[in-house]
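In what follows, a single structure is set out as structure tokens and then discussed.
To keep things simple, chains are lettered A, B and C as they appear, and every chain counts its residues starting from 1.
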Amino acid sequence: MELILVNLIDGLVYGLLLFMLSAGLTLIFSMMGVLNFAHASFYMLGAYFAYQISTYMGFWMGLLIAPVVVGIAGAGVERYGLRRVHQYGHVPELIFTFGLALLIEEFVQFIWGNSQLPYNEPAILDFALFSIGSNDIAAYKVFMIFVSIGIFLALLYVLTRTRVGMVIQAALSYPRTVENLGHNVPLVFMGVFGVGTGLAGLAGVIAGPQLGTFPGMAILLGSIVFVTIVIGGLGSLWGALVASLLIGWMTTFAASSSFQFADILLALGMEKPAEMSESALRDLWTLTLPQIGPILPYMLMVLVLVVRPYGLFGKRDA
Amino acid sequence: MTAAALELDGLRKSFGKTEIIRGVNLSIAPGERHAIIGPNGAGKSTLFNLITGRFPNSGGKVSLHGNDLAGKAPFEINRMGLSRSFQITNIFPKMSVFENVRCSLLWSKGYKYSFWTMVSKSQDLTDAADAILEQINLTARRDLPAGVLSYAEQRALEIGITMAGGADVIMLDEPTAGMSHSETDYIVDLIRKVTENKTLIMVEHDMGVVFGLADYISVLVYGEIIATGRPEEVRANPKVQEAYLGAALEEEH
Amino acid sequence: MSDTTQKTAVRPTGVTMSMALPWLIAGAFLLVMPYVFTSNSAITIMNQMAITIIFALSYNMLLGQAGMLSFGHAVYMGVGGFMCVHIMNYVEDYSIPLPLPLLPLFGGLFGLGLATIVGSFSTRRAGTVFAMISLGVGELIAACSIIIVAFFGGEEGVSGDRTMGLPFFGNEFLQQIDVYYLISFWVMLSALLMFLFSRTPVGRMANAVRDNPERAEFLGYSARWVRYYSFCAAGFFAGIAGGLFAISYEILTAENLGLLLSGEILLITFLGGVGFFFGPIIGAIVFTLLQTVLSLQTELWQLYVGALFVATVMFFPGGLAGVLMMHVPAIRLGNAKLLVVPYIKTLIPATIGILAISGFIEILFYSRHAPVGETEMTVFWTDIDTASIVPWIVTVGLALVCFWITKRNAPELVETWHRANAIDGGKA
């Protein structure tokens, strides 16, 4: 019971983090039809910038400034890169963002090197807020949950209560119409791209101390973010939320479970082979759920796509 | 009695709550040249898209030579003998004009998904494609990318592609839209030439084209057909004049 | 490649000289190369190049011919390769009389087998959805490689010994050079087959579906099935590349399945040019050279390749092949010589400027990451001291001057370009 609660909290932290990324990604996709392959790279930039700022001005200034810097960088990329490639079509745009992801990773290694940075949570949050049984829940995790939910509520407010939000809402339902509209207001594109990447940057700022700040952090999370929005349905904000939480909890629970596949095989009436290395099924006998935890999202994605090609909440495809 | 080339029976289509096509009944005999006219927003293009399986219908039935088309994908409908052009030019812009025509011949010539024959080695394919180029007057443009042709030439190519598949029911969506007078004459001659002995169904705004080409005319207003008949009958029909034709004829003269 | 040149009424029946010539030249080239570059390392590089050529051509069957952007193509090469290593081991263990040169065929069949399964659901859509599914499936199989140890060998991979098969005309493939000729044979065969595939009805319709899937559907072809056939064929040839990889390196690891390799092949193919059949070949050659030669010169080679790639996507979406083919009209009109002087006037300063920038980047990188106190380094065969301000100023100044000259001379190039491509070119 205690473990379930702890897992629920951990999964929520991870799921909301995924949501901060997938929300921006899905917004950009809805507006511009571009799947930003470099989205997780902006998340990584967020962590690195925040680290750099925090060495001069402390964690809180990093939290404030780094997402803005990332957002401006994102807007710049849209203005001077993506807009140019736009004329060639969506596939070259995707290839461009892929190249950008490579370049950002190289850039990060160029400036900060290959090893993990000593970017840590601020001292003021470095304590156990409460404990469930023998498991301490760090205050920083609770802080992450509050920031993520705060962002989610702010996003919800902007999308449903403001004029800009209405335009974006319209883009979700009538992409063609707004795409035509969007050609006349490139500023909206730039803004959405900037805000989306800024959100990714913010996710990086708060995730850096928790998950580690190193050049591989973008790739590690990047594919999962894509899987998330595909499962949720491309262009669906609610789908992104549900899929993020689903994946967050699924991977957390899988990682901490002690389930072994040998139990299934035994229950099926199979006998454990005496000489394990000779058996063709030896991997199945030794397989545990934590081992396959990382690939569960991908399996879920394939399953969803076979059953529901538009994703859980999607109404349309690219 | 032979089955009609194309028969619509109570065809309906709604987008959300709005009903765009409200129960269309129409029977077109083989070999007939039938024009569908109507004011903007009457649902003419939607009707086309319903017949050709581009949109799913909300009710009613479409049959081609007596075969129900329900649930058929566009490529299946095409294989049953119906071919269409598009209002917005819809060709393969990066491929050469010749390639465009040759690709449209592949299925009807029985090549299917073959990956053991070379298309350039098939003399019958090359000859047939060149014959069509000759027919649509684009022989001189044979090896240019289709995307660089003039608008009228692209429309002619579109008709060529539509014809090439050998379908006996041809649907043309505004073949002369956006053309000058001389270009229109060229396209009308072309249509007359290539649709001989075939069933033609077309949507058209230009009344000159309609009365020049069509054996029968149907008038579609707000998703319903208010009149069908010979051109002179339709022209004389007071309902039509009231709803549409009068205004259009006034504009014309 | 040559069918646009045939404008006359006489059409080729059978194989004509102009069609066969590029292939004969390529074949002769492959035969002669080992006599020009005789060292073992050069032959290893050429083997690597040849395998990459097949892989890139197979990738272009998807991206260039059928318009499907895949982020998981390495999987088909990898699975083909793993299978081949296993077969090599079976051949060794049970003395199966299988000559080595046939092995890549099995790699191809397993690549094809996997593609038929994955393609059955991934080719329903093109564009972004296809790209994402390919990424997911790629990651899934790559992650499986660590779990399913029996097949993928876990962390250390699976290794075999190619020399244990039935001798092929007395040859047991002990030397790299023997492997080179084996690979060369398969490169020629695969490239020819892939070229011919693009001329078949399915190959032609793949282009049609890429450009306009809806129109293709109204011509009687199911866009999905056309994509599916292209996908399977691409899987087959990727598997062949995998089999050759297994023969050449005798080991496959999880890296052979990963996103990194899948991304690399996208980069190679796009860099070479997706619009022409020979584009990926150029890409594979250039990239392998960069990878082997440039990486010896600088730690930062991936940064440069990444920058080159992004620049290609932004400014030359046709890739290197596109840039080369851009000049064909001017050459046909006999105006190519007009371009020589303006090219020299812009490209030489531009090249020097880029080199100066890279020098600056190298100095910056060194001064940031070298151990404290170390300030001596060598850039472009020049010993410099990063503590002094001179090298910084020289590189930046040189770059600025060169780019200024380039910018000044660029309009002349543009104008000459238009003149060279006009019909009445030189005279006007």
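The rule is simple: a residue touches a chain if its C-beta (ideal position, glycine included) is under 8 Å from a C-beta of that chain, and two chains touch if they have at least 3 such contacts.
Everything numeric here is computed off the predicted structure, so don't read it as measured data.
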Looking at which chains touch, is this a line, ring, star, complete or other?
line
Looking at C-alpha means, what's the farthest chain from chain A?
B
CA centroid of chain A to CA centroid of chain C, Å:
31
Using mean CA coordinates as chain centres, what's the chain B-chain C distance in Å?
44
What is the distance in Å between the mean C-alpha positions of chain A and chain B?
48
Of all residues in chain B, the ones touching two or more other chains
none
Chain B - residues contacting chain C, complex:
52, 54, 73-75, 78-79, 83-84, 86, 90-96, 99, 102-104, 106-108, 111-121, 123, 126, 142-143, 161, 165
Help me check something: in the complex, which residues belonging to chain A touch chain C?
29, 33, 35, 81, 84-85, 88, 90-92, 94-96, 98-100, 102-103, 106-107, 110-111, 113, 219, 223, 226-227, 230, 234, 280, 282-283, 287, 291-292, 294-295, 298-299, 301-302, 305-306, 309, 317-318
In the complex, chain C touches chain A at residues 63, 67, 69, 71, 121-122, 124-125, 127-129, 131-133, 135-137, 139-140, 143-144, 147-150, 259, 263, 266-267, 270, 300, 302-303, 306-307, 309-310, 313-314, 317, 361, 365, 368-369
Which stretch or stretches of chain C touch chain B in the complex?
3-4, 7, 11-13, 196-197, 199-205, 207-208, 211-212, 214-223, 225-226, 229, 233
